[in-house]
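Below are structures written as structure tokens.
Shared chain: chain A. Partners: chain B in the first complex, chain C in the second.
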Partner chain A sequence: MYNILYNRHIGTTPHSFLLPDPVLDVGEYGAILTTGLSSGHQGCTGCGMVSGTNQVLKALKLTGKHVVASIGTGCNEVITTQNTSCWGNVSVDHNNFPNTGATLSGNVAALRALARAGAASPDAFINLGMAGDGGTYDIGLQALLAWIARGEDGIYVCLNNQAYMNTGVQGSGATPYGTHTSTTPFGKLIRGNQRTPQYLPDLALAAGASYVATACPVQHRDLMIKVQKAAAIEGPCVVEIYSVCPEGWKSETDVFHEITEWALQTRSWILYEAERDRKTNTVLFTLNHVPEKHVGVADYLKLQERFAGMREFPEMVERAQEVIESRWSFWQPVLQANGIQGGDKAHEL
Partner chain B sequence: MATVLSGNGAAAWGFRLSRVQCYPYYPITPSTACSQQISRWVNDGAMNTVTINAESEHSAASQIIAAGKDVRSGTATSSKGLLYMIEVLENAAGGSIPCGLFIGNRATGAPINIWADNSDAYAMRDSGLIQLFAADGQEALDNIIQGYRIAEDLGVRLPFAVNLRGFTGTHAYEGVEIPQEIDVDRYLPPFAPLNPLFAPEKPVTYGAMLSATFYRRHKRNQMAAMSNVAEVALKAGREFGEIFGRPYGLFEWVGDEKAELVVALMGESASPGDAVTRHLQGKRGIPGVALLKIRLFSPFPAREIAQALAKAGTKALVVFEEGLHHGAVFPPLAQRIATATHLHLGTDAPKVASVIGGLGGSEVRQDHFQQMFNLADNIAEGRPYRTEPYWLDIAEDPIFAESEKEAAPQLWKRWGEVWKKQARKEKYFDPLPKNTEEIRIYSRAGQGAITSAVGFTGAGIESGLQLLTVPAFGSERRGAIITTDTLVNDRGKRKIRSFNRAWDVVILYDDTILSSPEHNVLEGLKEGGVLLVNTSRLRVTKIREILSASESRLRVFTVPASEIAQGLGLSHLNMAMLGALHRVYEKVPFEKAFGYYEKHVPRPRESSLEAIQQGHAQTTDREAVRAKKERRLVVSGDFLDWRPEDHSYDLWPTALEEIQLG
Partner chain C sequence: MSYDFTLRVAGESGEGVITIGETVGRLAAREGLNLITFRTFPAEIKGGPCMIQLRLSDQKVAYHGEKVDCLVTLNQAALDENIADLREDGVLLCEAECELPAEPSSRTVYQLPFDRLAVREIGSRISKNIVVLGALAHLLKIPKKRIEEFLTERFARKGQAILEHNRKALETGTRVAEAKVSPKNAFRFPKGTDQARMLITGNEAIALGATVAGMRYFFGYPITPASEIMEWLAAHLPKLGGKVLQTEDEISAICGVAGASWAGGRAMTATSGPGVSLMSETIGLLSIAEIPAVIVDSQRGGPSTGMPTKTEQSDLLLAVYGSHGDAPRLVIAPIEECLSMIGLAFDLAEKYQLPAIFLVDQALSARLETVDPAAAKRAPAAARLCADGGGVNNFARYRLGESAVSPAAIPGTPRCEHMVTGMEHDELGNFACDDETHTAMTVKRFRKLAAVESDPLSRGLSSQFGDSNADIGIVTWGSSAGPVEEAVKVAEQQGIAVRAIVPKILNPLPHEELRRFFQSVKKVIVPELNFVGQFASLLRSTYRIPTISLTKIKGVPLEPSEILSVIGETAASLSVRRTSRYGSAR
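The block that comes next holds the complex of A and B.
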């Protein structure tokens, strides 16, 4: 349990409110030459995950530290390590599907042992974990929560594309309600995915994470600031990245931005962050983005054929809207403080 | 000077002396005590290791593999824990990560069974690890140190596992030589990472995905590394002998150089086999016999074993195995040996039969080996034998059956012809000489019997004898009746680890055990043996009466141990019982032992020593007048906190630890 504090300001800032050391403000990211993934990866056209990974790596490289990444099995691992490595100057440890968190712990332990032996300085390295939503919400949850509970310093990035894309689009613990996947097909009797997803930031905060954030590659400055904050903050930090998947979402490959914009507009994906102050047992929640105008979820369902079935059923769309509103209601105090009407009414900034 | 250690304790020393830098752990019976010991050392500052309290065996394995790229790492596990690790262990082998595992071998179920067999080790045999089998705590310790030396060799770079049989190995307390740190450092150089992760100048990617062309080349290289192991292990074993005086080979040959009859096996079950082989050697009418104790299971030293068998002129080889290979013709070891002899000796290969025993903690006894040598004799004579495994201790399916009545009808239909042609030869079944003296304690779980037996073992070792204490463990509740057996060997240097189960002394920590319907405390007690009972209310004649043993040559002693302990404010009566044992059994001289207890006795030391003295003084075979009121010890917090794995580490710190912990 923790006390909840709301940051009345909406938006992302490079500086942390609760923690004493300000994070590095790198200014205009685009102006500095850095590499993320090197060329040759086998990601699909229009893949949001590759873009997200690139931005994470660029943000971390700007800290000047060497990144040691534990990557869980999944699309991201498969498309970047096939016969060659696309990880440039990142050291990569792929150690199976369910154990990204455990591998992260093993690497942290090795670094501690090296530091004891005087063979390495912990300050020179960033321990990064990276896995998909299946490897995070489902098979890897035990290892992830145990890693968070150990309180080790590191960053865990979940590339959430809302299903098992690497194995052929099966439903995961992060699949939205009503979605058609190969294991939750939109049938005559049962219409798509019947459950609503869990939320990683909630799970991570409950386990004791120091910092959690959601991000999307379209808001790249926001994403990179969050990753850098995570790098600066002591303890386990979790960043969840919205990752468009044209193959699994049955969308066109050139509507990456449009889909993300609709997700933000309809609040199907909410950009926020939360920092923990252990002394006061407080978690400060900051809302990073408020849609310019209120849009119903039906618009989000348009560009993605995975929602083609549920679009035809008004009661399902209504249910999806309810899920969104219930999640959004958390931000009422912030919206009120900013004179923005919440709830189901339209609002303007 | 040997120190008294359990098999798990010895394994922990193996990791400690190897200067393991990262040790994640997850508890599972029967190997947990190894991790407990290491955690204690680390938390007391005696060992500089990063430990991780892992949330599962899978994670612990993931962590040794992750850390093993940069530092020396290891962990311990058993049974289902190992099965849970297997998913990720292949990454250690495929990624050339020389991390180490200690395995307290245990059945894998279902049905669930916490006792020993090799099912777990067999389940992992295709995971690409080097598999070494240890026959006792000393070998476990030595093998872990050698394991790192072999695994980290530049021609190998593969993970390894050291196996020790659960309970009879992991929970057996005996004298273990703990090597000097300085010597181990000389033998095992510091870990040299080849492709570390924490090296910004040379980024690497582990666990990359390879397509067929690259994959098959990689796997071939991995196999090539594995095939280097035998040679590296031989060199490592020889050099180990040069420094520590205990050389190791790929296997051990016990018995005659020319041996027509051989029984092959792995691990701790060799103890009774060892005794039987030496007993049968040179007996009239029995051809040469030998026990082949295989140490390196993976990679299997096929050529070397085949050569040894050819050199010995072996005609019949019986492979004893504590595990199965479902659906296969033979279990794994027999299969490997049969393949080895067939490939390397062709038509000159000895005939190979398979025997399955020791499953799920089944006893492996001397008479089993007598049967197996008899079977080998029959096979060597050309009698028919089974082309599928024999089983030990299955009543309706014995190895020898004289008539139809002794076997199940279905089985007789199938194997009747084979049975009819077998000859059970009495010369193989002559009882073994009773070269050891043996003590059995019946106590209630929580009374501290194991602690006192471990103390006694330490004192005995210090007075120059060889002792072995094996407690019975299981899913006992507190207060259940348990046994703790101690073997004393005063004849020469050769280690004996096999109980004859003929007790010189039987001790009851609680007089209510006399009336337990499930325990016949006189069973196995030798003629003229001693029964020592803790009682304040029963007289010697009464005890004889209860046992219906008024006329027997049994010597009965009583000691009011609970009363003594209570008088001294102790929560356990075990120290008084320890003193009493010295009164009735004098092979370990009391004066000398007391010197040991003065150094090592559990806290509170003064009272414990006084309890030993009083227990020794108040033991009597006379009709002592006792208080009528029954004495029971008050249940204290200590008592309630007791856990089966607690013995010895807290209570009997070794001299070496005392020094290191200041």
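The block that comes next holds the complex of A and C.
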């Protein structure tokens, strides 16, 4: 596998030990003048994916390079392709559902050929792939892991809204335990989704990714720094973005921030990044965010009606909490080194 | 004079348009009327134009109607888009704010402030559709009691407050309509049949029909417009001890079906064209390994991601020929009776150990229709021929004998241990690539298709209508049969004799019936929803006959008028050249 090294420092910085120089720090509000995703997209009100894509494109445009985007079928493709001008000067290629990873390889080959022919500088492009969780965890996984294994340059962004929203809210490989979707209905016999999701960063690291990170659209600085790092670091980089979906999560359209904050507070979504030193086969893990106080997962389940059934069953809530704790226990060394007991800052001595 | 009423409701997706249409439909069905619907879906995830059209009749209806008697529009765009389809003597019920077309017409127009009523009087814009329903109930003279019963059924479980809220919205709509709208007697539902009917969509019928046929293992991957089949089964199949497994892609789904079916279960997957493309390799495996399976293909606009929410009949050649090599399979294309035809697909697949592709389309999948519940009682009529384990060792799974169908064996049957394989094999399942074996096994597999053709199960499955002495013949398939039936009727009224045949098994084709049909007519028109005329090309290559191909790729079903105009042209050409007849003029 690989050696694990923990970064003692908790938080997001523009420095990476894989890069000679830090990337641009956009500040807490990500306040910059460039435009990411322009108007004209057809995203639903309160969609987290739109904000995520916007910030990804903003961060990439800051690098001054030309972005070549390959987008897999999914919500992000549907809402940005009826009026393609919303991509600005990004070159966009919509491929089939399973193919985003493979398309990234094709683009790398083409860009290299252009460079060899003297038609372009090899550093002039950013090879970006974007897909949803269905196109990543399920049908696109083979192409994605194969692309990572080939060690080619590029960024793969997974916009994770935890189900197939574009086709009417069917469960996916990223759907949380207990969730009601149209293919994992919450009933008397079977109570919602019985599986716990896989984790993309784990899969990507195992396949050999240079850099993996999780992000959310509410933490702008964190997200945009990570995307810039992914653009600068050589080799395959994977960024997974938590994307609220009011349509599929049966939540109000004005609680995008609240839900995302609850996800962070309850550690249902953990912000972290990992950089691989290929020489020593060591992966440095950095935890970017620790909640202010210990909050149980029950609070996260409140604003989303997709969890309405599960909320009534304490044993299910408990099971969801166990999943979180087992995930969080990975960070014990960092928490201990920072004097954080029981997993939250409130206990800080 | 029989009752025949067509209603269209149009607006923005999310405004409750479909609820209005479906409610009227359910109320009509309860009065004993027959009903068929057509609805469009926006390509957007939320919002976008949508409409539902219902045709109600006390007779059996085959088509959702071309021009509408009553149009209800909830916004300006919907009005502009749909007004041309309203009859000149029709009634328009539209939002008050909307601007009407400038040209004069004899239509009756009622403008009511639905939006304002919902917001000001009811306090929520979401209730607009119930206000509209109230007004519509007055126009159609639907008894108040009926509609209240329905509201109670629909909203009571959501709590008294919500029920009251909707009741108020309904009353507001009716009250305002009473002051402005004069109800139309011609629209009023007559008393229809007393027979019990089910009101279900094509997708629901497929899911229910498969369950009744004994299907207990479903593997699928979400895809528009077939997802509802998996969703319905996910909610209902576990109650019967069945299993629904959502796989990571279509390749896994079909391979899951292969596994479950080899193990002896009746297994199915449902997808659309992109999924069938991915499944094609395994369809070949099922064919060579002789494993029964049912694959539902609800066609949509293609190729690639294409037009996911629009209808098309462009997977025919993929269904008949898809997959490499010589891979026989069954292709079954129901016109409307998904509920019983899916059972037949299972019977034939099991009996002949073949994959069966069940070819429907978006329009049929999403169509809400009244169905005879007797069709849901169809018992399986055939089973897989299985060895009982009484024999000796060296079980010959692929025995070459008089019958093309060799006994299968459920894994674990004593003395019947065997290997199923995608490689060419001898009788025992051993890999063999000598010319003799490959020829003998290919012939064995194709002989099953010949046997299907003469099987009583697949006989008389073609639908025929029109004048059997006609010179003009129409051959069509799938959901295009509805508009064809309508066009044939109108042509008859206009004095043009036309006959039509709609085979429901497209591979193997019902050769005898089709040959007889072709001999009886002088011209053959083949209407279908694809660009190149796939069915016409299949018929031309199989029967070497000239065809007049009528194709359409607008993402919506054919309209009878489009078929009628080709019938008219053909009739005119026939009256000029009286001598041409197949066999002599070719």
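To be clear about the criterion, the second predicted complex is superposed on the first by the 325 of 349 C-alpha atoms of A that agree within 3 Å, B and C clash if a C-alpha of one lies under 4 Å from a C-alpha of the other, contacts with A are read in each partner's own complex, and residues count from 1 in each chain.
Going forward, contacts are C-beta pairs under 8 Å (C-beta built on N, C-alpha and C of every residue); 3 or more make two chains touch, one makes a residue touch a chain.
Small disclaimer: the values here were computed from a predicted structure and weren't measured.
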Clash or fit (per the criteria above) of chain B with chain C on chain A | clash
Name the contact category of A:138: first (chain B only), second (chain C only), both, or neither.
-> second
Once the shared chain is lined up, is A:38 touching chain B (first), chain C (second), both, or neither of them?
-> neither
When the two structures are overlaid on chain A, which partner does A:94 contact: first (chain B), second (chain C), both, or neither?
-> both
Counting only touches as set out at the top, which of chain B and chain C does A:173 meet: first, second, both, neither?
-> second
With the two structures laid over each other on chain A, which partner does A:54 touch: chain B (first), chain C (second), both, or neither?
-> neither
What is the contact status of A:85 with respect to chain B (first) and chain C (second): first, second, both, or neither?
-> first
Chain B and chain C contact sites that coincide on chain A, given as residue numbers = 78, 82, 94, 96, 98
Listed in rising order, chain A residues that touch chain B in their complex are 66, 68, 70-71, 77-78, 81-85, 87-96, 98-99, 101-107, 109-114, 116-117, 120, 124-125, 142-143, 146, 150
Residue numbers on chain A that touch chain C, as the complex places them | 42, 44-45, 73, 75, 78-79, 82, 94, 96-98, 134, 137-139, 141, 164-168, 170-171, 173, 182-185, 187, 189-190, 247
Mind pulling up the chain B residues that touch chain A in the complex?
-> 21-22, 24, 48-50, 52-56, 58-60, 62-71, 73, 87-88, 91, 197-200, 203-211, 214
Considering the complex alone, what residue numbers of chain C touch chain A?
-> 43-47, 220-224, 227, 230-231, 234-235, 238-239, 244, 246-250, 274, 278, 304-305
